[in-house]
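There are structures below to look over.
Shared between the two complexes below is subunit A, which has subunit B as its partner in the first and subunit C in the second.
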Partner chain A sequence: MADAALRQSSAPWLLSLPSLLLFVGLLAVPMALTAVLSFHVFEGMRGIQPTFTIANYVQVLTDGYYYELFLRTGLMSLGVTAICVLIGVPETLILAKMRPALQGTFFVVILGPLLISVVVRTLGWQILLGRQGPVNSALLSLGLVEEPVRFLYSMTGVVIVLTHVLLPFMIVAIWSALQKLDGQVAHAARSLGAGPITTFRRVVLPQLMPGILSGAIIVFTLAASAFATPAIIGGRRVKVVTTAIYDEFLTSLNWPLGAAIAIMLLIAIVAVVLGSNRLVELRFKQVFA
Partner chain B sequence: MSTMSLRGLSKSFGNVQAVNNLDLNVEGGEFLSLLGPSGCGKTTTLQMVAGFLPPTAGKVLVEGEDITYVVPEKRDMGIVFQSYALFPHMTIAQNVGFGLEMRKMKRPQLQERVGEALSMVRLSGLEDRYPSQLSGGQRQRVAIARVLAIRPRVLLLDEPMSNLDAKLRGDMHVELRALQRRLGITTILVTHDQVEAMTMSDRIAVMTGGKIAELGTPQQVYDKPVSEFAYRFLGQTNEINGEISVRDAGSATFRVGSASIPVEASEAPQGSAIKLFVRPERLRICPVDNSKVKGKITTRLFLGGVWFYDIDSDIGRLRVSAPNLGAAQADEGETVGIDWNPGDMQIATPEVANG
Partner chain C sequence: MSNKRIDQNGPFALAFHVLLTAFILAPLVVVVVASFSDKDFISMPFDGASLRWYREILDAPELISAFWLSIRLAFASATLAAVVAVPAALAIARHRFVGRDAVMAFLMSPMMIPHVVLGVAFLRFFSIMGWTGSFFAMVLVHALIVVPFSLRLTLAAVIGLERDAENAARSLGASRFVAFRRILLPLIMPGVAGGWVLCFIQSFDEVTMTIFVATPGTTTLPVALYHRIAFLSDPVTTSVSTVMIVGTVVFMFALDRIVGLDKVLIGKK
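Presenting the complex of A and B:
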C-alpha cells in the first residue's frame, strides 16, 4: 500500500527526470555560471580573479556606450517586431482564405526560413544585399535609386534579414488566434451594419490581438538575442548587445564584463516579456476566457 | 411588417446545384421555416437572403425592392447565428449596441434601445458582463437582443437553438415565438429540427435537393402533405406498396399481395402501382372481429407518453402508436386487429425527379 503510494507520488518526478536533467545541465547551470562569472574581477595581466565585485555592472550602467548599445538593440527588435506585425497580419489572413491544399504548400514556404541553416541563410542574404547584388541591380534598373543602397553593414540590412527569419513565428502565433475566431462573427458584424473595414477593425482585429501580442513577444525576444544575423550582415558597423558580448568574450577576453552584459540583456528581455504578458492579460482576458 | 420574396433563386457550386430555382413569398409579419435535412439547400438560401453569398440566378425582394446584390450591411436584416457569433471582446451592452452604433445613433437613445432590447429577452442587469461569463441560453438571448435592437426589416434565424439542451430549447421556442408575434417581425427560420419548425412557424417550407418539396401550415404539411418526401421526413409514417384493384366513383380498393383494403377514391387508374402513407397515431388497435386488417405484435415499446407497436399485418409491417391512458395493453406475440378512419390512408404523389 505505502509502496504503491510512494511509487505513485514519485512517478511524475521519475518520468520528467531526463528532461529535468537536460534542462538543469544545459540551461540552468550555464546560466548560473554566467551569473557568477559576472561578479568576478578581470585584470588585464592576470585574467579572471574569483573576487566578488559589482564593478562590471557599474561599468555597464554608467557608460553611455552601453546605453546606446541597448537602445540600438531595443529599437532594432522593435522595428523587426513592427514590420513582422504589418506583414504577418495580412499574410495570415490571406493564408486563411486559401484552399486547404494551397495552405499546406504555403505553410512550407512560410516556414522555409526556419528550415535552412542560419549560416547558409545569412550568407545568401549577404549575396542578395551586396553592392552589386540582385536587389541593388533591380532597384537601379527600375530607376528607384540613383546609386546602390548600402544594405550590408547597415541597420536596414539587419532588420530585413531578421524580419525574414522571424516572420514565421509571428504568422504561426496569429494563425492560432485566427483558428479560434468564430467565422460567423464577421458576418454578424456585417449584418449589423458594419462595412468590411469597420468589421475588421472593430471585430476581427481585437480578437487577433492576443495572437499578435504573443507573436510580438516571440519576435522581439529572438531579435534582441539574435547573434548570427547582426554579426554577419551588420558586421562591425552595427554593433548590438549580442555582438558586444561576443567581443568581450573573444576579443577583449574580459569574460566577467561580457557575462554582466549578457545578464543585463536577459533581465531586459524578461522585463519586456513579463510587461507585455501583463498587458495582454489585463486588456484581453475576456477574449479567450 | 415587410414582405419578402425569392424569385427563381439558384446557387450552384461547380457542378452541385445547392439551390434550384426557388420561388417563395413570405408575408409581412409571417414566421416561415425552411425545414430540411443537411445539404437540402436551406442554409445556402439563407446566406443568399442575408447577402453573404451571391446567387447564380434569381432575385431577392424585400417590400418589392430588389436587394439581390446589396451588400449585407445595407440590407437591414437581423441574423441570429447557430454559434450566436457574439463579439467576445465586447460587453453585453456593447454587443447589443453595436448595430445602433453603426447606425450612428446618439448615446442616450442608444442606451435606451439597448436596455429595451435586453429587457425583451429578460437579460436586464447583465449589461457589463462579457459573453464568456454567460450561460449558453443567456448568450443566445444576447444574440436575439442584438438583432432586435436594430429593429430589422427581416429576422433570419440560422439553426439558433441547436446548441441548447432539450429543455431550454423547448422554452425558447415558446418564448421566441411569442416575441416574434408581439413585434410582428417577418422571420425566416432555417432548421433541421421539425419540432422547432412546427412549434414556431406560421408556415413551413420543407426542402430537399435545393427545392421546396412542401409548403404550408405545420398542420397541412404534417397531415396532408402532397410529396412523399414530406411524409418520410416529418414524423413517423407507414409506407404501404400495392395497387388499385377496383375503382368506383366514390371509392377504391387497394390490394397488397392477397389482402385488400378500402381507400378513398383516387386519381390513380385501376391496376396502377401506388404507395399509401399512414401515420402511426392514425392507426388503432382493436378486436380482430371488427378490424380492417389483423396482425401479430412483434415489438412493443414504451415511451412514457405513448406506446409503440410494430405489427406484422396482412398488408405488411405497420407501426401503431397509442397514447398511454393507463389501460392494459396488448402484449408482444398477440394477434390484434387494426382499424383506421378511411381518410387517414393517403396516397402521395411520387417523388418529383430532381433536375
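Presenting the complex of A and C:
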C-alpha cells in the first residue's frame, strides 16, 4: 500500500527526470557560469583573470556608450512594437471577417514565414532595400523621393525588417483574444445606433486589449533580443545590445564585459515582462472593481 | 441584413489587406527571383535568367557540408527533445505534484531567454568543459532550446484525452509500459510528431545561439549563410535561400497533414 502511494508520488518526478537533468546541466549551470564570468577581471594582454570585480557592471551602468546602446535598443523595440500594433489590429479584424476558406489561406501566408529562417527573410529585405533595389526604384519612379533613401545601415531599415519578422506574433496574440470576443456585443452596439468608429473604440478595442498587450510584450522582447536582422541590416552603424555582445565575445574577446552586458539584457527583459504583467493585472483589477 | 454588411470587409480594408500580403511575401519572392540572375552580384531586376547560382551551390563544399550538418543536428535534437519532453508532458498533464508549475516554467524558459544570452552561456560552458567543436554538445543545446515546442504540442495532445482505454488495458493486465506504448502513444502521436517536425524546423533555422558555438568544423547552414550575407554580396546566398524556402514549404505541408498548421501556428485546440 505504502509502496503504491510512494510510486504514485514519485511518478511525476521520474517522468520529468530526463528533461530536468538536461535543463540543470545545460541551462542552469551555464547560466550560473555566465553570471560568475561577468564578475571576472579582464586584462587586454592576459585575458580572463581569476580575480573578481564589479568593474564590468560599473562600466555598463556608467559609461554613456552603453547607456545609449540600451536606450537605442529599447526605442527600436518600442517602435517595432507600436507599428506591429497599428498593423496587427486592423489586419486581425480583417482576417476575422473573411470566409473560412480564405481565412485559412491567409493565415498560412501571414504566419508561414515564421517557419522560414530569419536569415533568409533578412536577405530578401537586404535586396529589396538596397540603394538600387526595387523599393528605391519604385519610390524614385513614383517621384516620391529625389534621390535613393538609405535604408541599409539605418535604423529605419532595421525597424522595417523587424516589423516584418515579428508581426506574425502580434497577429497570433490578437487573434486568440478575438476568439474570446463576443461578436454579438458589437452587433448590439451597432444596432443601438453606435457608428463603426465608436463601436470599435468603445466595444471592440477594450476586449482586444489583453491580446494586444500580450502581443506587445512578445514583440518587444523578441525585438530587443533579435540578432541576425540588426546585424545584417544595421551593420556597424546601428549597434544594438545583441550585436555589441557578439562583438565583445568574438571580436574584442572581452568575455567578462560581454557577459555583463548579456546579464543586463536578460535582467532588462525579465523586468519588462514582469513589469508589464503587473501593469496588466492592475488594469484589470480596476476594470472589474 | 444590416448584420451582413458589418460582416464584410470594405474596399479600404481589402486594399490594406492586399498591401500587407505584398509586404509579407515581398522579401521571399525577391530572393527566389534574384536566385535566377546570371549576374556576378545580387541584382534586382536583372536581364538574363540562368541556373548558374544553383550549379554554384554544388561547387561550394562548405555549404553542402553545412547543410548536412544542419540536417543531422535538427534530426538528432528534435528526437532527443521528444524523448525528454513526452514523459515530462505526461507528468505535467496527469499528475498534481508540488513544484509542477515550477517544472513547467523551467522547461519553457528557453523561450524567454534571449538566444544571444544562451549563446554566450554555451560558449563559456563549452570552453570550460572542452566541448568546443563537439557535434554531440551542439545536439544537447539545440535539444534544450526546442524542448518548449515539443512540450507544448504534446501537452495539448494529452490534455483532454480520456483515460478509459488505458484503464481498461491496465485492468486486463497490461503493464504500465505496454499501456503507454500500445494505447496512449498512438493516441498522442499527432501531437508528438507535430512537435518533432516543429522542433526540427526550429533547430534547423536557429542562428543567434548557434553562431556563438559553431566552429569551422560545426558550422550550420544558417550560420554559413549569415557570414556570407553579412560580409559580401554573394548571389549563391539567394539560391541556397530558395532551396531553404522550398524545403520549409514542404515541411509546412507535412506539419499541416500531421497536426494542422493552425494548431501549430496559433495554438488552436
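The working rule: the second predicted complex is superposed on the first by the 278 of 289 C-alpha atoms of A that agree within 3 Å, B and C clash if a C-alpha of one lies under 4 Å from a C-alpha of the other, contacts with A are read in each partner's own complex, and residues count from 1 in each chain.
The rule we apply is simple: a contact is a pair of C-beta atoms (placed from the backbone, for glycine too) under 8 Å apart; a residue touches a chain by one contact, two chains touch by 3 or more.
Just so you know, these numbers come straight off a predicted model, no measurement behind them.
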Comparing the two partners subunit B and subunit C, which touches a greater set of residues in subunit A: C
Which superposed partner A:His40 touches (first subunit B, second subunit C, both, neither): neither
Subunit B versus subunit C as contact partner of A:Val185, first or second or both or neither: first
Subunit B versus subunit C as contact partner of A:Lys239, first or second or both or neither: neither
Which of subunit B and subunit C A:Thr198 touches, first, second, both or neither: first
Touching partner for A:Arg72 - first (subunit B), second (subunit C), both, neither: neither
Partner chain(s) touched by A:Gln207 [first = subunit B, second = subunit C, both, neither]: first
Touching both subunit B and subunit C, residues of subunit A: 187, 190-191
Touching residues (chain side subunit C, partner subunit A) in the complex: 2-3, 6-9, 13-14, 16-17, 20-21, 23-31, 34, 42-45, 83-85, 87-88, 90-92, 94-95, 97, 100, 103, 106-107, 109-110, 112-118, 120-125, 128, 140-141, 143-144, 147, 151, 201, 204-205, 207-208, 211-212, 222, 225-226, 229-230, 237-238, 241, 244-245, 248-249, 251-252, 261-262, 265-267
Footprint of subunit B on subunit A - complex, ascending: 182, 184-185, 187-195, 198, 202-203, 206-207, 284, 286-289
Subunit A partner contacts - residues on subunit B that touch it in the complex: 50-52, 71-75, 77-79, 81-83, 85-89, 98-99, 102-103, 130-133, 146-147, 150
Sites on subunit A touched by subunit C in the complex: 9, 11-13, 15-16, 18-20, 22-23, 26-27, 29-31, 33-34, 37, 87, 90-91, 94, 97-98, 104, 106-128, 130, 132-134, 164, 167-168, 172, 175-176, 186-187, 190-191, 221, 224-228, 231-232, 235, 242, 245-246, 249-250, 255, 258-259, 262-263, 265-266, 269-270, 273
